[in-house]
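Chain nomenclature is as follows: A, B, C, D, E, F, G and H, assigned in order of appearance, with residue numbering initiated at 1 for each chain independently.
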Amino acid sequence: DYAKIDTTRAQRTGYPEVIYGSGKSAKQIVGIVKAMKDSQKSILATRVEQSKADEVLKELPFLKYDAVSQTLTLKDKERVEVGNIAIVTAGTSDIKVAEEAAVTAEIFGNQVTRIYDVGVAGIHRLFAKLDVIRQANVVIVIAGMEGALTSVVGGLVDHPVIAVPTSIGYGSNLGGMTPLLTMLNSCSSGISVVNIDNGFGAAYNASMINRLISEEHI
Amino acid sequence: DYAKIDTTRAQRTGYPEVIYGSGKSAKQIVGIVKAMKDSQKSILATRVEQSKADEVLKELPFLKYDAVSQTLTLKDKERVEVGNIAIVTAGTSDIKVAEEAAVTAEIFGNQVTRIYDVGVAGIHRLFAKLDVIRQANVVIVIAGMEGALTSVVGGLVDHPVIAVPTSIGYGSNLGGMTPLLTMLNSCSSGISVVNIDNGFGAAYNASMINRLISEEHI
Amino acid sequence: DYAKIDTTRAQRTGYPEVIYGSGKSAKQIVGIVKAMKDSQKSILATRVEQSKADEVLKELPFLKYDAVSQTLTLKDKERVEVGNIAIVTAGTSDIKVAEEAAVTAEIFGNQVTRIYDVGVAGIHRLFAKLDVIRQANVVIVIAGMEGALTSVVGGLVDHPVIAVPTSIGYGSNLGGMTPLLTMLNSCSSGISVVNIDNGFGAAYNASMINRLISEEHI
Amino acid sequence: DYAKIDTTRAQRTGYPEVIYGSGKSAKQIVGIVKAMKDSQKSILATRVEQSKADEVLKELPFLKYDAVSQTLTLKDKERVEVGNIAIVTAGTSDIKVAEEAAVTAEIFGNQVTRIYDVGVAGIHRLFAKLDVIRQANVVIVIAGMEGALTSVVGGLVDHPVIAVPTSIGYGSNLGGMTPLLTMLNSCSSGISVVNIDNGFGAAYNASMINRLISEEHI
Amino acid sequence: DYAKIDTTRAQRTGYPEVIYGSGKSAKQIVGIVKAMKDSQKSILATRVEQSKADEVLKELPFLKYDAVSQTLTLKDKERVEVGNIAIVTAGTSDIKVAEEAAVTAEIFGNQVTRIYDVGVAGIHRLFAKLDVIRQANVVIVIAGMEGALTSVVGGLVDHPVIAVPTSIGYGSNLGGMTPLLTMLNSCSSGISVVNIDNGFGAAYNASMINRLISEEHI
Amino acid sequence: DYAKIDTTRAQRTGYPEVIYGSGKSAKQIVGIVKAMKDSQKSILATRVEQSKADEVLKELPFLKYDAVSQTLTLKDKERVEVGNIAIVTAGTSDIKVAEEAAVTAEIFGNQVTRIYDVGVAGIHRLFAKLDVIRQANVVIVIAGMEGALTSVVGGLVDHPVIAVPTSIGYGSNLGGMTPLLTMLNSCSSGISVVNIDNGFGAAYNASMINRLISEEHI
Amino acid sequence: DYAKIDTTRAQRTGYPEVIYGSGKSAKQIVGIVKAMKDSQKSILATRVEQSKADEVLKELPFLKYDAVSQTLTLKDKERVEVGNIAIVTAGTSDIKVAEEAAVTAEIFGNQVTRIYDVGVAGIHRLFAKLDVIRQANVVIVIAGMEGALTSVVGGLVDHPVIAVPTSIGYGSNLGGMTPLLTMLNSCSSGISVVNIDNGFGAAYNASMINRLISEEHI
Amino acid sequence: DYAKIDTTRAQRTGYPEVIYGSGKSAKQIVGIVKAMKDSQKSILATRVEQSKADEVLKELPFLKYDAVSQTLTLKDKERVEVGNIAIVTAGTSDIKVAEEAAVTAEIFGNQVTRIYDVGVAGIHRLFAKLDVIRQANVVIVIAGMEGALTSVVGGLVDHPVIAVPTSIGYGSNLGGMTPLLTMLNSCSSGISVVNIDNGFGAAYNASMINRLISEEHI
């Protein structure tokens, strides 16, 4: 009654509805998962903290919880993973958001390459990984503080870059508004941006693009 | 001397450098076009107002000026237009930005479908065009005021949506910050966002995606 | 002494004073309710959390507490419920605010129709309920994230729409400032806006309108 | 081609489409008016400055231009004016916005009562007009600077108040953001708010309410 | 070592240094009070929460703690209280800030008249107290939410008004920024403003003015 | 008709109404001055630019125009100037605002001492004038850029300081918001603040205080 | 009278007073230059537009005007230029600010190396100049849009970096607030920041550092 | 795996990588320290709260924890401390940030002079220390509230000033944004700014400058 599950979403948009766990009770999550299970082979709930996950897992032990990405998942074993999405972070603290993206991309059937902690304070770390990044169909760049890494990557690759600002930083970082603005005003082209800390949204976009490109290749 | 043209950009990122006309003199634009002409078959300058364009055209009559999109272009006649990018606007006033996107997409070798003035105040206008929009590989949604059209389109298509907020509006629209924030916080997935009025940037992203998808089809 | 109860408010504005519980102690609430009871048949306190409510109820067991809307109420049994106010939410998380509106509207003598979780990410859910919504004298639309639902509803009904932005969202949602700005800049007409999370205020306005319209009908 | 006129709007929302003149050329306005004339008996274009209006009037001499409200109108002579909307301003400089509201309300078939320059710096001016204001079905309060008048009126009337912040002021007025915030946070109930300088929007809402109330009375 | 007490402040500015308790440990406060006691007859520490105060009182039992204003004081019994400062609040929740002002004013030797909960939602409550307010040499007006009370008082008295915005409110109140902006943009003259919740600062200013006026009268 | 002159203002607040010229036509100003002349001996209009003033002076040659302060005045020759208000500016560019304050203070019957261009970049300039400043009953400090002068003066005088931020500056000065915030957060006590560039408002407050103090002395 | 020239500034801070031309009349600039000429061998006026400069030059033909940097200068021929300051810009449009910095640095006796248009969209342009940049004692990095260049340079050099955000950009660039925030939140260390477009301030800081380092070397 | 330590940073930028403790687990800090120990003689971790430090110290007892600055350090005993950096604070509450700066400067081999609590509310406290401050090669000024101290110091010294705004304050202090803006807009020259509360960053810059100046002196 509290939720109208959108059962035709996969049909309309290519992907089934995903549960945004923040602000939902364990009970509500359990209810929604049960209702979804009939029509979906894979299930994803994001923003589920440890204690809430524990409660859910008691009722639904077939789900898998990952504490870094704060996700609950049920994977469709038959889904073939295609293409390649690179997920690049500037720092160590951005990894939480990166893993939300990675888990989302994997559940949606994408191959993922992780390249973490290669921020521009030591730009040689990025150059050491450039070949790997260039092989991906889509690149997700995740950065807090000032988010400059996005513009550097954008100037070096010829595939779409999806930028995720994170709330890592303090003072005039303004809870991630600073890297968000940085990314929107990038002097490099080929970059589009999603909300602060929205690893899920970046992976969703990347998956759409990666699968469209890969369809012909598999 | 005032500009270091990035002659290897096409190689690195897939597209040659584009001239951002705002704040450059006619003389500077002429100089840069001349320098580019050796290594590039197509040329694009954006944000060139009528009077500045007139001056440039005296020196470089082979360029074409379009007053709505405020672009100067030289088209590579041999480039094959592939795939299909839909450009959708909420209102009539958003057309300037839409045409900047359209001209950019066309110069980069994409087929473009224009669907203008289908904002949510009369949402049946959008539904009447949904089939056409769904056939595109990528959808660019351009909207000012509150930018709600993006979320509606995002919930109805299964291809990537690139959102462009425009500065159309007044008062608490804050020069386009309102639709920008709307688009970044969309409840629909599959949407990524570029800067306010950045038709060029949206087309650049869309072109990257469209051409990658289309490569196998042509 | 700490509060000057406005005993002529019902006379001046049509409705008695309501207790805004936030920042008041249980003791203060008890004191105010006692003072009000002489001149008012119905009583409403909003923003009262569970623990504070428990304390108040020990002293005033005739009040009813509702944990979702966080309200304490005493209902005037003789008041006839008139007309019809539709309360529409975009998501599940907006229900708290919706119930603050619903309880307020009911205590003020209005019939309420609840339509929850019909956000534009799955717009068919809204269309399925459009007939019901159109029958209402006034429509309250409650949405967080980007608040786009308001504009869509505004373009489809011919009765006044009162919009309530909620603080549901994260990052550039800015604690509800984003849907607030969305709603103020709506391209649809017939929409007016109240403060973030202000379910009470929306219901108050809607009640004024609904009762004025209904007066002739009952 | 640049505009899809929403011909079923009157049917859906009770009022025909209105032309928002800002950013449209005289030519475009003429085109839209001609297209509208077949299906509508009354026409309203707002935000049309003198010089643009002169051009339009050459082509369409049956329209009437009003320089204070910056409107072009064609009035449906047969429409009966009903009910009563009070339009109240704080200062002299707010009158432009007030007249946009007044003209809109009149074209939509409402009786209008104007009460101008009764701001709280001299609050006795308001009290002198209170009886007149209280007779209206709906009250529009228009104020710039700090917008305090709204809260005072809201505490004194028992009919809905629609508040319009104006951009009159300087410095930390922030182009009208200050009275907008004032109005959204009013300690009086029964107030809802539209965008800065949006006289049209306020009148549209007020008209909806006034006509619903008046239907039984005429 | 952590604090250089400004022992000549009373001489330069008329009042001794006051301890701003927020962010200081009980130990630091004790140390500063001890150092001050040699050169000052009265002592005032603001923003001291209950638990910190308890610790301080163990060491310095001659101080008096007031939990509403969160102040620790030592009063100079010989100081004559002069003149009259009116402290007016809009709501009940503003009383904390009002008491910080009242205690400060009293320790500085002023007579204080408290008029609480007379906000504009029920403006007759203010008019009932107008005579008392007009007798004061200076009026401090304290209000949260939208802060409109300040403008009304400013238009009715012929003595200086010092306005204190409070952080009471939610959503677009922005932690008190809204009433701050309201007060700075008041259409009434004779109003000056201090920081959000700064009851101390308002009383300090009022005291300066009141004592200068009163000097001749006592 | 466009203006309700507040003829009892002097009685209520001690000073007659002042004409805020910005946004009023020469014609409107002429009309208001004529209406005022019956009940007022002195007249003040602020924010009147040269060309508008010229038009007004043709009709009302008895007024005096001052181009620096942008004021039109008629002085009550019989009014005795009392006390002493010091007007201090940080820079040369702040003088426009300072003169609006000075002219206002003089028309209201105050003696004014001008101390200009003594900003903290060369703080010895302030110390050279400190004796003069300390003799004033009230000090108005006017500063743009970062507004630091206010805090320094506030720490050195024992009379009230009224701070006026100006819009002088660029970039992150944000049109005067930066010195406004500086002044509101001053670590010195005894400072209250008016709106950006509001020389009139500062003088109004200062005049109230100065005259109250001076009453006994003359 | 309108300006108190700070004749001991060179003594106190190492550099004489500089004229900030914005908002000063040609006449005022002439007056100040004349007063300065007695005590200073070099003179610098910034922010002087062409037409104002022309007027000044008529009176003071010994000054030199530079239209790009908008400066008027008189150079102390005997001053020895020492050390080396690198001035690096991201784009062509940042050159105006860069030249304000360069002219300032030169008049203060520093050697300047200009490296323009090496933004991160084509980062190889920066690497090609890295040796030259590393030889400087101080590096000034000037960038608009998103300002990412600063972080990259900061991670590659072992001398202090002074960052200047510029107002080049549009939309969510917010008049340079975006690169300002970027630079303040840089993940690279060794960067400090001055106001938007403040080429002068950056050069002033750089000069202080460069001359201190160079003193031993010359 | 979660961190790519930048082992060539000392070579590139003069200083080894520093651990930013905020958001890292004790375990992660231990891991990074161990990895660093091979290539670095001194180690610095900032933003480590007491409880986290205790855990780290169990594993790495050779580190030293300082609770005021919240740093963990290992000092290179052989490093010679050179030159002189003055660290000046406005208030007592700014000392935390000052000590982060002091510890950083010391670990980087600089002599440090501490001058605390000399804010402009009692400016004589600053003048009493001016000689000491003037002897330093670089001055770090740390201030919250309105940050005015920076401008005063900047006008009195002839060496570079690095300004650190702190988040000390309340209301319109906006978490330190106010002193940040103050410092960026200073009317004094020779000031550059780092992020709010960034004591580390200020010391890093100061150290670079101090050591470059001192190299010739030791």
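List of remarks:
Going forward, a residue touches a chain if its C-beta (ideal position, glycine included) is under 8 Å from a C-beta of that chain, and two chains touch if they have at least 3 such contacts.
Since this is a predicted model, take the numbers as computed values, not measurements.
The fewest steps needed to get from chain C to chain F, moving only between touching chains, is 2. With centres computed as the average of Cα coordinates, no chain lies farther from chain B than E.
Taking shared numbers over all numbers used, the chain C to chain E interface scores under half, which places it in the different class.
Set against the C-alpha centre of chain G, every other chain centre is closer than that of C. As a whole-number value, the distance joining the C-alpha centres of chain E and chain H reads 36 Å. Centre to centre, using the average C-alpha position, chain A and chain F are separated by 57 Å. Each chain gets a centre from the mean of its Cα atoms; for chain C and chain H, those two points are 51 Å apart.
Among all residues of chain E, those that touch two or more other chains are 12, 121-122, 154-156, 171-173, 177, 180, 184-185, 188-189, 195. In summary, the structure contains touching chain pairs A-B, A-C, A-G, A-H, B-C, B-D, B-G, C-D, C-E, D-E, D-F, E-F, E-H, F-G, F-H, G-H.
Listed in rising order, the residues of chain A touching chain G in the complex are 90-91, 119-123, 145-148, 150-152, 154-156, 169, 171-174, 177-179, 181-189. Within the complex formed with chain G, the chain F residues making contact are 92-93, 95, 116-118, 121-122, 124-125, 168, 170-173.
Remark: chain B residues 1-4, 6, 8-9, 12, 17, 22-24, 28, 165, 167, 175-177, 180, 195-198 touch chain G in the complex. Only residues 12-15, 18, 137, 154-160, 162, 180, 184-185, 188-195, 200-202, 204-205, 208-209, 212-213, 215-217 of chain A touch chain B when the two sit together in their complex.
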